[in-house]
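The first chain written gets the first letter, and so on, giving A, B and C; residue counts start at 1 in each chain.
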Amino acid sequence: MAEHTSTYEPRTGIERWVDARLPLPRLLWDSFVTYPIPRNLNYAYTFGAILMMMLGAQIITGVVLAMHYVPSGTMAFVSVEAIMRDVNYGWLLRYMHATGASMFFIAVYVHIFRGLYYGSYKEPREILWLLGVIIFILMMATAFMGYVLPWGQMSFWGATVITNLFSAIPLVGSAIVTWLWGGFAVGSPTLNRFFALHYLLPFMIAGVVVLHVWALHVVGQTNPTGINIKAKQDAVPFTPHATIKDALGMVVFMIVFAYFLFYVPNYLGHSDNYIQANPLATPSEIVPEWYFLPFYAILRSIPSKLGGVIAMFGAIVMLALMPWLDTSKVRSAVYRPLYRQFFWIHVLVSIGLGYIGSQPPAGGFIIVGRILTAYYFIHFLVIVPLLGLLETPKPRPASITEAVLEKHGRGLALPERTVSNTKVGG
Amino acid sequence: MRFKNAEGQMSGMLCRLTAALFAVGMASSAACAADQPANATPHYPLKEPHELSWSFSGPFGSFDKQQLQRGFKIYHDVCSNCHSLNLVAFRNLGDQDGLGFSAEQVKSLAAEYKIQDGPNDQGDMFERPGRPSDHLPAPFPNEQAARSANGGALPPDLSLLAKARGPERGFPWFVFDVFTQYEESAGPDYIYSLLTGFQDPPAGVQVREGLHYNPYFIASDALAMPPPLADGAVDFPQNGDDDKTNDVPQTVDQYARDVSAFLMWAAEPHLVERKRMGLTVMVFLIVFAGLVGYTKRRVWANTPH
Amino acid sequence: MADTTTPHPITVPTDSRHVEPGEAGAPDPSRRDFLLIATGAFAVVGAASFAWPLIDQMNPDAAALALSSVEVDVSSIQQGQSITVMWRGKPVAVRYRSDKEMQEAKAVALGDLKDPIARNANLKDDAPATDQNRTVPGKEAWLVMIEVCTHLGCIPLGQQGAYGGWFCPCHGSQYDTAGRIRQGPAPENMAIPPFQFINEKTVRIG
């Protein structure tokens, strides 16, 4: 927005009238129509739009579910089942919301790892990245409280375990936990406040998303080369190019979403959550939802209560520190042969942590969990800073256009009017 | 120090490092399984459930009306003596995707039950015949009554049992399950296996008084429920001809299948509607994706990227 | 420090509002138009199909629809007395009318009625609002009526007002002893729900 001149031209009297008073159409036009995007973005870059779609879908289905849900210890479970059985399309809306949460996290993890791969956190995009981390934290809080609402066994015991994390805080820990619960154990007051916050937080997320997009439009998008737009031919207008590409990403994502929603709606949940909460019986094994498993594994790997909690939150802090931990002058992993390998190891380690988090904390799982946890932190605190100093990057093209030319062979003349017969689909 | 000319070497190191890391992981996992201390809790269920084929599994699955009706009869004659089915109303028995009883059948079925209602004008509770809008009455008025009648054990409500029992699948099965859609069969498989899995404890295994050995039980090696089914215990309405080979067998195996299918319906009454809608949505989205894909090609046709 | 420190100011072509027509090797424009229309149509159909469950979920659910009838013991009601019961969340007056009330109601000419339709769910939709048509055959003394003013939904007070029937305190609608609107802003007679006497003592409403 700040970096390119507005090309909005009000055509009708009404448009001029509005533009003189509240130039919202101009803002939207400049942000989503003529806004220049690098021409070489790949499909990993459509996940921002996919996340916008998922946030919208979760808010819409959530508002609708709240019309039927009763946040009370005695009624919550039954009211969710009434939604599943009696409310018109209730089963659809509830499954959409529940599997939608998982889809949201799949998308956000792709989005985060894409950022880590292409160096999207680097100068001048630090605030953009930090806003993303804030969104991620808000998402986790929202998802956690949402999972408590059906008031099944996993809801109840998950809430108990996670709120008890705060008891690790020295001196005031237990007072904080009692305050969170509104009682001496997780109960109706806890459920009721979690419902209120679960309803509130998505709107806060939406607010931070606006800032996130604002920051993005100030500094511009990264792209696989990591080189900023330097000339007109490096960019294409947002509409129709990015619009249609994002739309394709969204529709393909919807196919995956629909598969889970209609064919394996309970696959990503836990069967114990179909048992009503019972404060007198803990399930044999308490497992959080899959998207928390890596963090849960880190929590359990540290043989100290406070240490585990600090490590778990530290794992997220690592992400926030990325702009300052990465010392490399080169942005994109495409030109960083070593970082690229360590990046994929980091992905595997994160998945490995997730698997460890789903397993009982016994025997070899503890050892592997500790190794992977250690590696997770070593990656951020040692490998990433050192690589920037030691690695020799590959030669980079001078511009996005040159990179595209490289890819399509030298025979092409740019810009605009050339027809690529080699690759039209992208 | 720089890795300038040592990148190949470095990658080799990395590979070895990764391999070593994973080797350690695998080895310790294996060790974890093999290295159980003698007093450690064994993993339940002791035996994995049998994998049956169900009419409702898969993307085109639907319930078998006759099977659900037989399953309901088994619940009615046997299970309902101890187990409630609180979330199911009589009107649900008329679902055309489910048991498919007619409105009249549902009415007369409901009227066979006594439902507590009230208070009346004198402030007393009273009993009246059931109506389609009523939920199936529970065998015991409260948890304490249920426990006291069952030697301290609480017979769980069966409404959601088929979705509330999912024995752990383990790697790599849980990955394949996304595609085989096994998740939906896990509950009924478990119920069937439990109902047919009662047996004498192996030599050396002590079963506490009042419990019954069953290696398919999810939480222990024995449960308080005695074997509920016996061959011939429930009479199925048969087609009435003399050819007995066409009859539905009245065996424990058949009973267990039918009641498991019925409980799956009770837990997920909109299953058929869900899959039907899913097919429409998937076809729609795939065609839509094709259209958007072609539009995208057109838009980008003149823009190498 | 990074390979580019400040993004360059950039301009984009102003003719970006639509897809540029292709030249050599570009697709046939009519085919592209069809493609755009088809894609747009799919998007609209998809959005509408997604909207419908969001709308329909607010309609009464299956449990509410199933709660369709209540049975009322009327054996203790004396002539000139009434009781009020709940049916579908609304008050239903069950009144055993006195002879005087019935005579007054019968004496009214149809032409004097503001709403000449019986509004009786047990009869045809266009049945005239005679006193008899406000009841069921054989039980003309019993008025079973949804006690909700047809103006804006208040509950009128019984046995009050200029016609001895019902008087709505909200906006002054007056009903006669058969529950027919006679004066005031209400447009219709109060509704008679579907009901039947299943025996001498019991009325089933709904």
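One rule holds for everything that comes next: a residue touches a chain if its C-beta (ideal position, glycine included) is under 8 Å from a C-beta of that chain, and two chains touch if they have at least 3 such contacts.
These numbers come from a predicted model, not from an experiment.
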Arrangement of touching chains [line / ring / star / complete / other]: complete
Between the pairs A-C and B-C, the one where more C-beta pairs touch: A-C
Gap in Å, rounded to a whole number, between the CA centres of chain B and chain A: 32
Approximate Å spacing (C-alpha centroids) for the pair chain A, chain C: 45
Computed distance of Cα centres, chain C from chain B, in Å: 41
Chain C residues counted as touching two or more neighbouring chains: 19, 22, 26, 62-63
Shared-contact residues (touching 2 or more other chains) in chain B: 285, 288, 292, 295, 299, 301-302
Sequence positions of chain A contacting 2 or more other chains: 85, 92, 236, 240, 417, 419
Chain C-touching residues of chain B, taken from the complex the two chains share: 89, 91, 120-121, 131-133, 284-285, 287-288, 291-292, 294-295, 298-299, 301-302
Chain C - residues contacting chain A, complex: 1-14, 16-19, 22-26, 52-54, 56-59, 61-64
Complex interface listing, chain C residues touching chain B: 19-20, 22, 26-27, 32, 35-36, 38-39, 42-43, 45-46, 49, 62-63, 66-69, 73, 76
Chain A to chain C touching residues, read off their complex: 3-5, 7, 33-36, 60-61, 64, 67-68, 82, 85-90, 92-93, 122-124, 219-220, 226-232, 234-237, 239-240, 329-331, 396, 417, 419, 421
For the chain B and chain A complex, residues of the former touching the latter: 1-4, 7, 10-11, 14, 18, 21, 24-25, 27-33, 35-36, 40, 44, 59, 87, 92, 156, 159-160, 163-166, 171, 177-178, 181, 183-184, 186-187, 219, 267, 269-270, 273-275, 277-279, 281-282, 285-286, 288-289, 292-293, 295-297, 299-305
